[in-house]
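Have a look at the structure below before the remarks.
Which chain is which? They are A, B, C, D, E and F, in the order written, and residues in each are numbered from 1.
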């Protein structure tokens, strides 16, 4: 039968592909870096991953949706959507809500220097020696809240970042005339 | 010479695969959100389509016809194409991860893009020779890429327009494709059949 | 585990291949210039979907990722060619009209799409139901779009029914509008795009209405005075 | 003392959309009057039906979309669209042609994209193209110029024709003809030479009877627009020179069987298209270099479609085809910003 | 790698087997369908009662660009009853339709009188040129029983060009092309009458 | 003199100079309280040198420059420091910022000035020091510390042309014009100082061609001086010819490279008011404590130019001009094109304030109803920087800010020309200001997140290392306990820990 030739040909194709799968095997995924660079690096874990990079990895592996990072907010989701060429969607409320960034402030009167907060801080933003009061380096705190729960004397509070002229933004004009009334 | 030109004009403009012949619509709708991706897709498709057209010609001419197995045309073509695409995919994946990411699921979808099989089948149906087949595939792909790129630039513009809510996204994109198709009807008659 | 009802609803509405996933557009747009053409292709596609989903689901464990695509495609192509030959033998005129789009069912993106997205991950029962639901949803889209274009474009409905149902069905053609000049756009390529666009918008509106209605219902239940 | 704040500049704007549209309407009047003079009152019916249905469609869409109705209607853009469509239609088209056309232009081509400013395709030309494709029969019969009608048509004659959806074919055949472009193309297809063709009565010294005067009147209005800076010269000059150069080339090489450049410029809608239609700011390229390229492309494409394509008048299709390329043109014709290489 | 090979091989065996089986079952029916389809068109012009031969056998293929003005192949079918040539059907292609060529079937009685004309494929504009289809208008029937004598050659034109055949409102090119090609076919028949009617080969 | 033309601009802007230009400059009285924002210039805020309760004299330095780019501040009159705290500042944000408040004693005692009769005797570093210590910043608008501008260029000495900007292209403002009318001689002397300092070959003083009499007074002042390197040029009255880049193009045909400074093409441009202040500092030995300000608009009874102590509240200026009229609607600092509206008139004037415009309703339109952009391109034709405002707007509006940046958003000089010509009445300039500031904030956040990423990864690596070390120690202990472990096992353990370390360092890198 003449189609034996065909079948043999197809089998050869299969072998070729099998070979290609070995020969062109790809390791790692550079897209992870790109995704990671879009994430806010708050390292807060609200996305249900232990930090931003693991979440980036999960997105790249199609194991997580793009709408799980509350600190990144809608702008972050939009950037991810743009990067990955998918439609943006609203933030998943199960992960939290977008808030203004805060910084941790340690009440130095109350702090007992237990070091627990230092262990919790993902970015090493807290300084202090054992038994001495600790302090937060404001410029390096990402406002992730992770230092709050471990503190035995509850001396850490989250405070809004002072508005400065350097970070002041002009108002965006609104085209209310063109918007729907409803 | 002029007959080759006619094939090109015909496949690119008059019988544009996407807007007139209705082939390759899924990637046309799917990867036209951004200019860069559209260009990548256009490139990939041009490559695959031309190659597929050539391979199918060879398969048809040197395999199926001598063996008298024309009724297995579809199967043979599609397997040949699938293999070509899979190889392309593996190579792209290795060499240009970014392009791979951008094209995402669409590289495998090129296989299942009707334009590819369509080109092969139509080319056989129209009794094209080797060069004609290659040109036919190439022209069809250029036509595809052309409208894909134009479409993507328009969609970029539309995506930030004030489109009424129910029409946002796919609906207005399809209507745009419709209007593009209206425009392309202006080319009808350029090449007589 | 997907409940069958969920799968059905998914295929017919929520994830309708034509309206939502925008897959299988080529045959959808090309062949929907009359209801009967749409119906013919819809049935052929549904058949293919069910068979291919079933087979893919059966063999899903045996096939390595590097040859998954060729194998799936091969399976689908065999089924389609068999169907094509059968149609060619028994519905010749319809076969002529549907033309190249019969072999092209092979590359109907929704078929390989379902094979990849559903059948390769689910057992055979669910896969068959999924194929049926998706096919039905697709046929639904074909028929609606076909009706819309046929009425607008030539003022008739069910013309050429005899190609499918035999000579007796010749009288089935309904002249919706008599002496209609014909809005040619509707049966030409642009009409297909625009028509589908309008249908999708219509679906969006319907979905929104439905969502509103259901959220209102919830409100009523939660309203303590009314409970 | 306390004051309210707002942002600079504080100076009142010097211009408004309404003003621009109004000037456009004014610039169209010479053309309209010439058209009435040459082709009778039919055009008035088109204008009335088109404009009123366009305003109705605009109001309806604004209402459905929940937008303020008055400011958007009074910007007059719908009127301009309707008027340009009306002028492109055959003057004895049945009433439903301008009616459907206006709705297609305003609803599909304009408001589905978000209304004024957002539409990628020229609404009037989209409507024209859709009508042309859908109703080729009604869209290709043009009335003969008055000079060729033995005793002219009265107002009521036209009224009857426009309202009568199924016109008496014999009567219509008697008073209608193909447009000069159409006739030229048909006859060339029969291997006639341009000289032989131009001896027919519908042609005259420059281009077609009636048509040439209408074109010249539009040219007048177009100059007014240029003068008032409503449009820049780039598009009209690009378009007309594109059309002129390519038709001159072919005319030089094959004089007997290709119509002259003058015929191409004045014989159809080229002038109207160049000054009033291709210049639609919303759908044209926005950089000056881009506009010139845009114009040239339309000119060349017009010639191609007229000469080898299926439609005798190519402007409408050329415009929407090049509309598609506008974002790309804009993308590649960015200006050289001060201080950049 | 080896495994991929034989898995794909196995599936191709199954797939190709399935298709081949179907092919075996259906291919005769398909060939018959194709035959019947051509016959059906021919029978519209020459009723079955008028011939007893198989129209699809005993055909002639001609390419004569000087007579037909185009390179298209023309097939001539012959209807024979009781060994007598009754009529023949030519399939010329009019190259100058509005949107390209128009494929015709022209049935001519032995005496040179037309039995009928059909357009079997064309690209004319729907709504304008497509009135040559029988289901769009009756125009094509106006050729019935015309011949080179009736009307005379000068009258073989559309009315607009001073002839006898109607044009369509707004579309003259299509009917012009059809009339021209039918006339050419008749003239060809007249010129080659002897060869064409010679049935024994 | 050959002139060049920059793209666009507004040639037909109503000038409104006559209202204020006809009265001579009047000295405004010293108010009861002077307020000095510590940041009145581009760069770092100055640091206060005084404490509450200190007594200060006019011309005394009360705040010192901090860091590279900064400028000192001097008291404008004698009195007592009453307060150093946040106070509303003249800024479009309406923010408060640290200010020194001085209650004046009415004596206006001055610390002794150090005059130099001849600047030629001074070395260039000495001149720079004088200018820096006098607290001179650009008075033309941007308030860039002038000493820094001059310092680099005086060292490299590659300056060909010194441009004196007397264009004053904005409507309503006439302070430079008045200055040139009344004190042209001082300005010319200031130019000579700068020529000497920079080693420039020529100086061009540019004024618009709508003030011919001023031109004459300058020409005669130059003639008196008889310095051939100095010339005056009349430039066409097109807003914004006074913009540095536009002026340079007009006078020299050259363009300042994007992102660069005029010195890159051998040019320094300085406002005539600044030159006057330099002359005062060098020759008279006086620090910058006052400047000329135009108070105008239909909202004041007598529009005119005033010589004002910096730090004076606006209400005092309005009083000198006989108070508000009924039409007063909006209080604008700067001109109607580039100025910004103030919340109240207790805000002090600063070094950069050149005009107080008390605008009536029609002088400062309030609500423009914006329509969608119709892509008419009029804005692009008007843009003096040859940008495409319509595309910038499209991207800014839809928050595609990086795309806006790609098409050179940051080259926009916020002149407002596009706004004025837009038929759709879109507040384009405001969109661009928004986009620029939002981008700056975004970049700042990006910077912070990069720091956070580095720190996070460093910490991860450290933790991994710690853990590896701990495991290692544990194993060693076990090994010791086990007595004479098999040699291979030990090797294996070492290898393992090496591998771990490597992984740790890899994940760090």
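As a working rule, a residue touches a chain if its C-beta (ideal position, glycine included) is under 8 Å from a C-beta of that chain, and two chains touch if they have at least 3 such contacts.
A quick note: this is a predicted structure, and the numbers were derived from the prediction, not measured.
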| item | value |
| --- | --- |
| Centre-most chain [mean C-alpha coordinates] | B |
| Far-end chain from chain E, centres as C-alpha averages | F |
| Chain pair, A-E or C-E, that carries the greater number of C-beta contacts | C-E |
| Distance between the centres, which are taken as Cα means, of chain E and chain D, whole angstrom | 43 |
| Length of the line joining the C-alpha centres of chain A and chain B, rounded to whole Å | 38 |
| Separation of chain E from chain F, taking each centre as the mean of its C-alpha atoms, in whole Å | 85 |
| Distance between the centres, which are taken as Cα means, of chain E and chain B, whole angstrom | 34 |
| Residues of chain F whose C-beta touches two or more other chains | 92, 369, 371-372, 397, 427, 430, 433 |
| Sequence positions of chain A contacting 2 or more other chains | 3, 6, 10, 13-14, 17-18, 20-21, 170-171, 173, 177-178 |
| Residues of chain D engaged with two or more neighbouring chains | 7, 65, 71, 108, 114-115, 118, 130, 133-137, 310 |
| Complex contact set, residues of chain A against chain C | 10, 13-14, 17-18, 20-21 |
| Touching residues on chain B, where the partner in the complex is chain A | 31, 33-34, 37, 63, 67-69, 72, 76, 79-80, 83, 86-87, 90-91, 93-94, 97-98, 101-102, 104, 162, 169 |
| Chain F residues within the chain B interface of the complex | 372, 394, 397-398, 400 |
| Residue numbers on chain B that touch chain D, as the complex places them | 35, 149-151, 153-154, 156-158, 161-164, 167, 172, 175-176, 179-180, 182-190 |
| Complex contacts: residues of chain E adjacent to chain B | 12, 15-16, 19-20, 23, 27, 95, 97-101, 123 |
